[in-house]
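Next up, some structures in structure tokens.
Each of the two complexes below includes chain A, the first together with chain B, the second together with chain C.
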Partner chain A sequence: MIELEQITKQYPGQAMPAVDKLFLSIPKGEICVLVGPSGCGKSTILRMINRMIEPTSGIVKINGEDVTRTDPDQLRMGIGYVIQQIGLLPHRTIAENIAIVPRLYKWPKEKIRKRVDELIVMMGLDLEKTRGKYPAQLSGGQMQRVGVARAMAVDPPIMLMDEPFGAVDPIARTHLQDELLRLQKEIKKTIVFVTHDINEAIKMGDRIAIFDAGKLVQFGTPEEILTNPINEFVEDFIGRDRVVKKLNLYLAEDAMQPIGCVVKGNELHTAAQKMKDAGAEVAFLLNEEGKACGQITVSDTEEFGRDIEGLRKRVLRTEKAFVQTTTPFPDALSLLLEYDTDYLGILKGEELCGMLSFKGIRKHVYRKEGE
Partner chain B sequence: MTLSDFTSFLMKNSKTIMEYSENHFTLVLLAVGISLAIWVPVGLLLTKSDKWAARVLALANTIFCIPSLSMFAILVTIPMFGLGRKSALLALVLYAMMPLIRSVYDGVKNVDRNVIEAARGMGMGTRRILIEILVPLGMPIIFAGFRITVVMTTGIAAIATYIGERNLGRFIQEGLIRSNTPMMVTGALIISVIAIGLDTILGLVEKRIVPKGLRISR
Partner chain C sequence: MKWENFRFALFEKAPEALWEHSLIVVITITLAILISVPLGIFLSRPKFKKFGLVTLNILNLLQAVPGIAVIALALPILGLGMKPAIVALLFQSLLPIVRNTIAGLLGVSSDVKEAASGMGMSQRRILLEVELPLAVPIILSGIRTATVYVVSIGTLASLIGAGGLGNLIMGGLALFRPEYLLVGAGLGALMAIFLDRMINYLEHRITPPGMGAE
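So, the complex of A and B:
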């Protein structure tokens, strides 16, 4: 756990302190995102944790211990540090770059080699091709993977990340974010993550701290902040579309409803009756292998009546109108609009396990809003 | 002057040529050695303070502007130094100040600040950063300055003949006085060959000394 107690940073010659009497306690094993407009002091706060900057007054504690009691170099060796500009040593190979902190700890060569290989693979880079390369030979996204790997080399319990994905292209950024989240599920590190992008904050943060002009404005889970922005500044900062942003917090399975009715491929003519019996508005069609391959609505059966082949064609138009249990709401909504349907089947792997509706999504978001 | 005049001069004076060359080399070697020992640390130190860097670099520039004959003349008048090697060495070391300090300072200052920031953030100490990062990454610029210093020192050392150094410059000086063309040409040629030779060798070393990662691109 990281605790900041009454931290103030006043730069000489500046009227306002960069950070003003800040109290913040960052729980263990979570990603805490510091977010705010440029110059709000978020990077300064981050850099005071590993003593790259010393506070003017106040105490930073890690697991209850004042950081100024530890030698700065020793302290930093035990904290992963990733910056936007990455700062790989251009004259060292990728393997040598990752090995920097293990070398500072004087690990035996064999142990370093093993760990470096493990990290290169973990970061999704090609081991044989990457190990001996120099930073200049990698793309921006690959370099930042190496940057993250380097910070994790000695498996530090705390990682500080200063706009780590700010300089990579949007596609690579999404990848890196997703991978960090996936990794975090296993490694459970305490991560302090600085960004100016509220969307990134909502995506990455277990908790978000919003800053303005050196002061903490609001601290809470993304849901809390999107639901109850504390003042106008936060409201403006998260944007008018805060409810739409909130959709990102939920997955298809959160609003999953049970399936009312399924129809096998060879019994399409019984669909209307089956749906009537089950009281369902929609049925899902299964093919010979038992895989879901489309949906039938009551109005479809009425429109086509006895024209089974016409009905089949209509049903197969929605062949791809399915989401996974882990699909976030916005993607699901997009599919609903694309296929102009009211329902989507939810798959777990290949197996049909439920369905999602417009109404269900609305109800789910509304329920959360009311909490 | 014919070629035979020239070769006969070489044959007759081979002993003197050897002696002068040796003196010349010794002076250059000493001057470059002392210069490195003093100016490299000074250059590194200056990277810590922009204010002092500006002052010292201005001083070095000023010294560099003094014509070499004037410099030798001035130093000779200082009782502690007088005619001879001490004055010669001091002059050469003073001339080396500008290229060496400048290149060390620029070399280190040009290292990407983010690399240093990242290294510091990982817990690398000041000494480690200097040895493992600043020097290797600054090396291309530093070495270029060193190369210039060596060549320049070789040239200026010849002029020290006027304050009593018995080196290759003396052939030129005496050759001029006596209108002895073979003598003049011998001095001029040997000095030039040495300077060009040193520069070529250092050029080859330079290629090897630049870290591989800096030479490589996608």
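So, the complex of A and C:
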């Protein structure tokens, strides 16, 4: 756990303090995102945790211990540090770059080699091709992977990341974000993550701290902040589309409803009756292998009547109108709009396990909004 | 021009002159490196940066004094022989090395230094393992400039009895023997070119691949 107690940083020659009497407590094992417009002091706060900057007053505590009690170099060796500019040593190979902190800890050579290989593979880089290369021979996205690997080399419990993905192209950025989130599920580090991008903050953060002019404006989970922005500044900062942004926080399974009715491929003519009996507005069609392959609505059955082949064609139009349990709401909404339908089947792997409706999404978001 | 004189200059006189000249150059440059590189490191540290400009200006002034004047001034103060010649030449060879050491060290990307320090490398380690290796090509380029300079100005050292290729040139002038002149000047030029290429080669050899120097 990282605690900042009444931290103030006043740079000489500046009227306003960069950070003003800040209290912040960052829980263990979570990603805490510091976000705000440029110049709000978020990077300064991050850099005070590993003493790259010393606060003018106040105390930074890690696991209850004042960081100024530890020698700065020792302190930094035990904290992963990733910066936007990456800062790989250009005259060292990738393997040597990753080995820097293990070498500072004087690990035996064999242990270092093993760990370096493990990290290169973990970051999704080609082991044989990457190890001996120099940083300039890699792409920006690959370099930042190495930057993250280097910071994790000795498995530090805390990682500080200062706009780590700010300089890579959008596609690589999305990949890096997804991978960090995937990794975090296993490694459960305490990560302090600085960004100016609210979307990145919502995506990455277990908790978000929003700063303005050196002051903490709001601190809470993404959901809390998007639901109850504390003032106009936060409202503006997170954007007028905050409810749309909130959709990113939910997965299809969150608003899953049970399936009312399924129809087998050779029983399509019974669909209307079955749905009536079940009182369902929609039924899903299963093929011979029991795989869901489309949906039938009441209005479809009314429109086609006894024209079973016409109905079958209509049903197969929605062959791909399915989402996985882990599909986020925005992707599901996009499919709903694309197929001009009110329902989507939810699959767990290949198996149909529920359905998602426009109404269900609305209710789910509204319920959260009302809380 | 007589072949006989030419042969005599080349085979009888030149070996000793060349040896003396090499000695002057090697000693001067070694001393210059030993003084300039630490001085450059010192002046590039954040705490002492303010002295950098003053020192460079002083060295610039020393550099601006013509070589022959330095040699001439060294005579009454330091006397005759190789030692005063080396001291005089030293003054002239410090600037390029100090200047390039500072430029090389300050040219190391601040991102790299920030990352190194953020990982817990001590300032000493950063200097030895990050800054100096990255600055070495530029420092060597300064050493190359200084070396070529010392080879050429070194011919004047014979005026105060230091010997070297200057003996052949001065002797040729005094005795009206163009062959001596030719051999002295020619060997001096060859030596300068040889050392220049050699250090240049070194620069390329130690620039790590992928650093995009070329």
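Operating definition for what follows: the second predicted complex is superposed on the first by the 371 of 371 C-alpha atoms of A that agree within 3 Å, B and C clash if a C-alpha of one lies under 4 Å from a C-alpha of the other, contacts with A are read in each partner's own complex, and residues count from 1 in each chain.
One rule holds in what follows: contacts are C-beta pairs under 8 Å (C-beta built on N, C-alpha and C of every residue); 3 or more make two chains touch, one makes a residue touch a chain.
Everything numeric in this text was worked out from a predicted model, so none of it was measured.
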Handout entry: Room on chain A for both chain B and chain C (clash or fit)
Key = clash
Exercise for the section: May I ask you to decide whether A:Leu247 touches chain B, chain C, both, or neither, giving the answer as first, second, both or neither? Expected result: neither
Practice task
Examine A:Ala255 and indicate which partner it touches, taking first as chain B and second as chain C; both and neither are also allowed.
Solution key: neither
Handout entry: Touched partner set for A:Val146, first chain B, second chain C, both or neither
Key = neither
Practice task
Determine, under the contact definition given at the top, whether A:Leu104 touches first (chain B), second (chain C), both, or neither.
Solution key: both
Practice task
Once the structures are superposed on A, label A:Arg76 by its partner contacts, choosing first (chain B), second (chain C), both or neither.
Solution key: both
Problem - Common interface positions of chain A, toward chain B and toward chain C - result: 50, 52, 73-78, 81, 83, 85-92, 100-101, 104, 134-137, 147, 150-151, 160
Fill in the blank from the handout: In the complex, the residues of chain A that touch chain B are 50, 52, 72-78, 81, 83, 85-93, 100-101, 104, 134-137, 147, 150-151, 160
Problem - Residue ranges of chain B touching chain A (in the complex, touch as defined) - result: 112, 114-125, 128, 132-133, 136-137, 211-214, 216-218
Practice task
Using the touch rule from the top, collect the residues of chain A that touch chain C in their complex.
Solution key: 50, 52, 73-78, 81, 83, 85-92, 100-101, 104, 133-137, 147, 150-151, 160
Practice task
Please name which positions on chain C make contact with chain A in the complex.
Solution key: 109, 111-122, 125, 129-130, 133-134, 208-212
